[in-house]
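Note that chain A is present in both complexes that follow, paired respectively with chain B and with chain C.
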Partner chain A sequence: MKYESQGIAKMYFIAAIALFVGQILFGTIMGLQYVMGDFLFPELPFNVVRMVHTNLLIIWLLFGFMGSAYFLVPEESERELFSPMLAKVMFWIFLFAGVMTILGYLLVPYARLAEITMNDLLPTMGREFLEQPTITKIGIVIVVLAFLFNIGMTILTGRKTVINVVLLTGMVGLAVFFLFSFYNPDNIVLDKYFWWFVVHLWVEGVWELIMASLLAYVLIKVTGVDREVVEKWLYIIIAMALISGLLGTGHHFFWIGTPDYWQWIGSVFSALEPIPFFMMTLFAFNVVNKRRRDHPNKAAVLWALGTAVMAFLGAGVWGFLHTLAPVNFYTHGTQITAAHGHMAFYGAYVMVVLTMISYSMPLMRGQKAANVTAQLLEMWSFWLMTISMVFITLFLTGAGIVQVYLQRYSDDPLPFMVVQEKIALFYWMREVAGVVFLIGLMLYIYSFFAKGKEVEFVEE
Partner chain B sequence: MRETFTKGMARNIYYGGAVFFFLVLIGLTVDTVKSLPKTDNSENLTEQVAAGKRLWEINNCIGCHTLLGEGAYFAPELGNVYTRFGESTEAIKAFIKYRPVDGIPGRRSMPQFNLTDEQLEALAQFLKYVDGVKTARDWPPNIQG
Partner chain C sequence: MIVLTEYIETEPKLLPGDLAIWFFIFMELLVFGLFFISYAVTRLQNIELFNQYQLTLNSELGAANTLLLISSSYFVIRAVHAIRLNQVKSCIYWLYAALAAGAGFLILKSIEYVGTFATGISLSTNTFYMFYLSLTLFHVLHVILGMIILLAVAIKAQRGAYNAQNHTGVETGASYWHMVDLVWIILFPLVYIIR
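Entry: the complex of A and B
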């Protein structure tokens, strides 16, 4: 760690991991509710559990992104963070807002929460992933603006590299597109259309800039490969991400009352969306093969390679599987979507944050890399979580294929709930895989505390 | 990558591509918004429907159901529920109204939201309005949603 203010990332990462645990716990509850419909009903109905599951994901990934930026930006910019104090204050504000929001979901009925937070003044609640009370959304905007100001000033008054400028661009995009969450017209088609300006342009747009720059940073650090090479890759990856992803938004405009031309535009451009992810995989393996040093932090290298591969599989391959309009006509809004969502979020965004944590946490704890035992356990947790996520995805895909056939494709379509009962076996297996994921996560946390032999490394 | 393909070229593709396709997206968005009145059933977007949409939102219906394929996949699609329930808002209202408070043992069940008759009517009218949106190829593929 070259700059003291990089250490601020630590509190962000700890919060991120804690909320991650909550997300997975609620995930396993939901998984059980899929097969035991009355589990925790009516105290914790499915919609509440799902909202907690998805919102915790969003909040902890934002903690992860901000923590990553606080670690990365001072070093890339070759100066201390503009205001460490502001970063600390914003941490507590964001944590408070996040925890209060989740408690609000859990402790009062959602309609009551809407009333308490005066949703009527500016109704923004009750749309998927954007369930947060308006006041929380305003809080998110304030925190993100303060964050942007902080890293922006650091970068602008320091060294500007491709990595920190791309990261900043991604973060600015994140903030700008989030503003669409405040637009909630009564017209359902308009509402849905612009809702995607937050959701799609985040995860299939500007977040890819964030992901690619974080990955590029870690790869430079652990391989020692020439910055020029990495930067060229980074530019071409994010170029393809935006070239495919911007009009790729059209794959959400097939069946919501929008013009027919979106079926062509959405199909063609979203079919290109796997390309940037494939290039990330090529890039990661390429630079690791050409490495100029063997970094003692083997776990971080594994996470970096893993995120590239899993993002390509989850976002790229599983996205492509149902993105062409003639296919999507049958698969839209089924378990196929759920399968894709799980592996894409895990592979791209969960894993890139865990890559950053893996690389930076030992440095913030005054080590070059975690001890041998800790790294071994961390790598075990990598495999447990990653393989169980592969199985979650495969089981949901199986469920989805049968669902599509029985409910949408066969000559004699069956009602939704009848089909759900027929595919319960897949849900049971998904639940088992989910529990294994949770075990992997517990092992991951334990790895931070494991004692063992210090790693040996040659000083550069 | 080969030396003939320089970082400068990669950067130009990024900036040029991003700006160009973002402008195309804005252009198509303008066109889409202009042409929506042909399909979006806005002629039936009454104040009651708008009130129904708010109820749909503040009861987090999307947390279990899909609406035109978007939402959660735990409970049936509601974009065509008006058709599926025999074009009867009364049937929709009755369904919501008579959900057992403690659920149905062993099965998924919808919470009892304790809506007033006026609220039930608004919500049913909202679902009727959504059913009236002209989706491409008349999605969903069949009445089961």
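Entry: the complex of A and C
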């Protein structure tokens, strides 16, 4: 760790991991509710658990992104963070807002929560993934603006590299597109249309810039490869992400009441969305093969390569699977979507945050890399979580294929709930995989506390 | 892939300009390629509709635009040729000539669109117009981007950034511009002429 203020990332990462645990706990509860509908009912109804599961994911990823930025930006900009104090204050505000929101979901009925938080003054609640009370949304905007100001000032008054500028661009995009969550037109077509400006343009647009820059940073650090090489790759990946991703939004506009031409535009552009992810895989392996040194942090290298591969599979391949309009006509909103959502979020964004944590945490704790035992356990947790996520995805894909056939494709289509009972076996197997994921996560956390032989220290 | 990138980057270089622009060009051609295939397949299913509405397009303006773009491609070739001979001034003139031709393309295209939109045609009118408008509009965006790149190269050239030994930037801009031209050379007959 070259700059003291990089250490602020630690509190962000700890909060991220804690919320991650919450997300997975609720995930396993919900997985069980798929097959035991009244499990924990009425205390924890399915819709509330689902909301907590998805919202926790978003909140902890934001913690992870901000923590990563606070670690990366001072070093890339070659100066201390503009205001470490502001970063600390914002951390507590964001944590408070996040935890209060989740408690609100859990403790009071959603309609009551809307009343308490005066949603009727500026109604923004009640939409999937954007369920947060309006005041929480305003809180997110304040925190993100303060964060942007902080890293923006650091970058603008410090060294500007391709990596930190791309990261800043991604973060600005994240903030800008979130503003569409305040726009809530009465017309449900328009509502859905702009809803995707947040959801799609985050995960299939600007977040890709964040991901690419974080990955590039860690790869430079662990391989010692020339910055020039990495920067060239970054340019290409970003260009491809934006060419395919922006108009690729159209693949959400097939059946929501928008004009027909979106079926063409959405299909053509989104069909190319796997390419930037494929480039990231090539990039990661290319750079690691050309490495100039063997970094003692083997776990971080594993996470970095894993991110590239899993993002390509989850976001790229599983996305392409149902992105073409004629295919999506049948698969829309089935378990195929859930399969894609799980592996894409894990492969792209969860893993890139864990990569950053894996690389930076030992440095913030005064080590070059974690000790041998800790790294071994961390790598075990990598495989447990990654393989169980592959199985979650495969089981949901199986469920989805059967669901599409029975419910929408066969000559004699069956009702939704009848089909759900028929695919219960897939849900059971998904639940088992989910529990394995939880075990992997526990092992991951334990790895931070494991004692063992220190790694061989090789001077750069 | 690693072998491939190294192979491409070895001297004498197989591809002029920066390797990165070729990935970018490849991506662009892929998008247009997909669109052309979609057009062809959809046309097969609606031949009469496509033939009927194709006649409403202004192919004279399209032909003039083809000439403009082909000329502009010739101009950028002259620019690259000039900088290889260390003739910086000549390089700059040719780049501006290409930019002028690009501007001419945009003017003619605007005239064409004014005529089109005046008749109330939109993306939703029918499948043919959907393809005609989205393909040409998407191409226009590339003409604009290509012009921005050429302008940036011209300005850098004026500041003395290029010479006979070091002129990757000029080749890079020229490569992209040729792509813009190439796409139009396919797009024009495909949408305006072939029946």
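One rule holds in what follows: the second predicted complex is superposed on the first by the 460 of 460 C-alpha atoms of A that agree within 3 Å, B and C clash if a C-alpha of one lies under 4 Å from a C-alpha of the other, contacts with A are read in each partner's own complex, and residues count from 1 in each chain.
By our rule, contacts are C-beta pairs under 8 Å (C-beta built on N, C-alpha and C of every residue); 3 or more make two chains touch, one makes a residue touch a chain.
Owing to the predicted nature of the structure, the values given are computational and were not obtained by experimental measurement.
Touch criterion met: A:A271 reaches chain C, while chain B stays clear of it. Looking at the shared chain after the overlay, A:S83 reaches neither chain B nor chain C.
Contacts of A:T117 after superposition on the shared chain: neither chain B nor chain C is touched.
With both structures placed on the common chain, the touch criterion links A:K290 to chain C but leaves chain B unconnected. When both complexes are overlaid on chain A, the residue A:Q367 reaches neither chain B nor chain C.
By the touch criterion defined above, A:T28 lies against neither chain B nor chain C after alignment on the C-alpha atoms of chain A.
With both structures placed on the common chain, the touch criterion links A:I238 to chain B but leaves chain C unconnected.
Looking at the shared chain after the overlay, A:P259 reaches both chain B and chain C.
Greater residue coverage of chain A by touch, when chain B is weighed against chain C, goes to B. Residues 232, 235-236, 239, 243, 259-261, 265 of chain A touch chain B in one complex and chain C in the other. Residues of chain C that touch chain A in their complex: 1-2, 5, 18-20, 23-24, 27-28, 30-31, 34-35, 38, 123-124, 130-131, 134. Across the interface of their complex, chain A is touched by residues 1, 5-7, 10-11, 13-14, 17-18, 21-22, 24-25, 28-29, 31-33, 35-36, 39-42, 45, 49-50, 53-54, 56-64, 66-77, 101-109, 111-113, 129-130, 133-137, 139-145 of chain B. If you check the complex, the residues on chain A that touch chain B are 33-34, 36-38, 41-42, 45-48, 50-51, 110-111, 114-115, 119, 123, 125-128, 131, 162, 184, 186-193, 228-229, 231-233, 235-236, 238-239, 242-243, 246-247, 249-250, 252-263, 265, 329-330, 332-335, 337-338, 407-409, 413-417, 420. Those residues of chain A lying in contact with chain C across their complex are 232, 235-236, 239-240, 243-244, 259-261, 264-265, 267-269, 271-272, 275, 279, 282, 286, 289-290.
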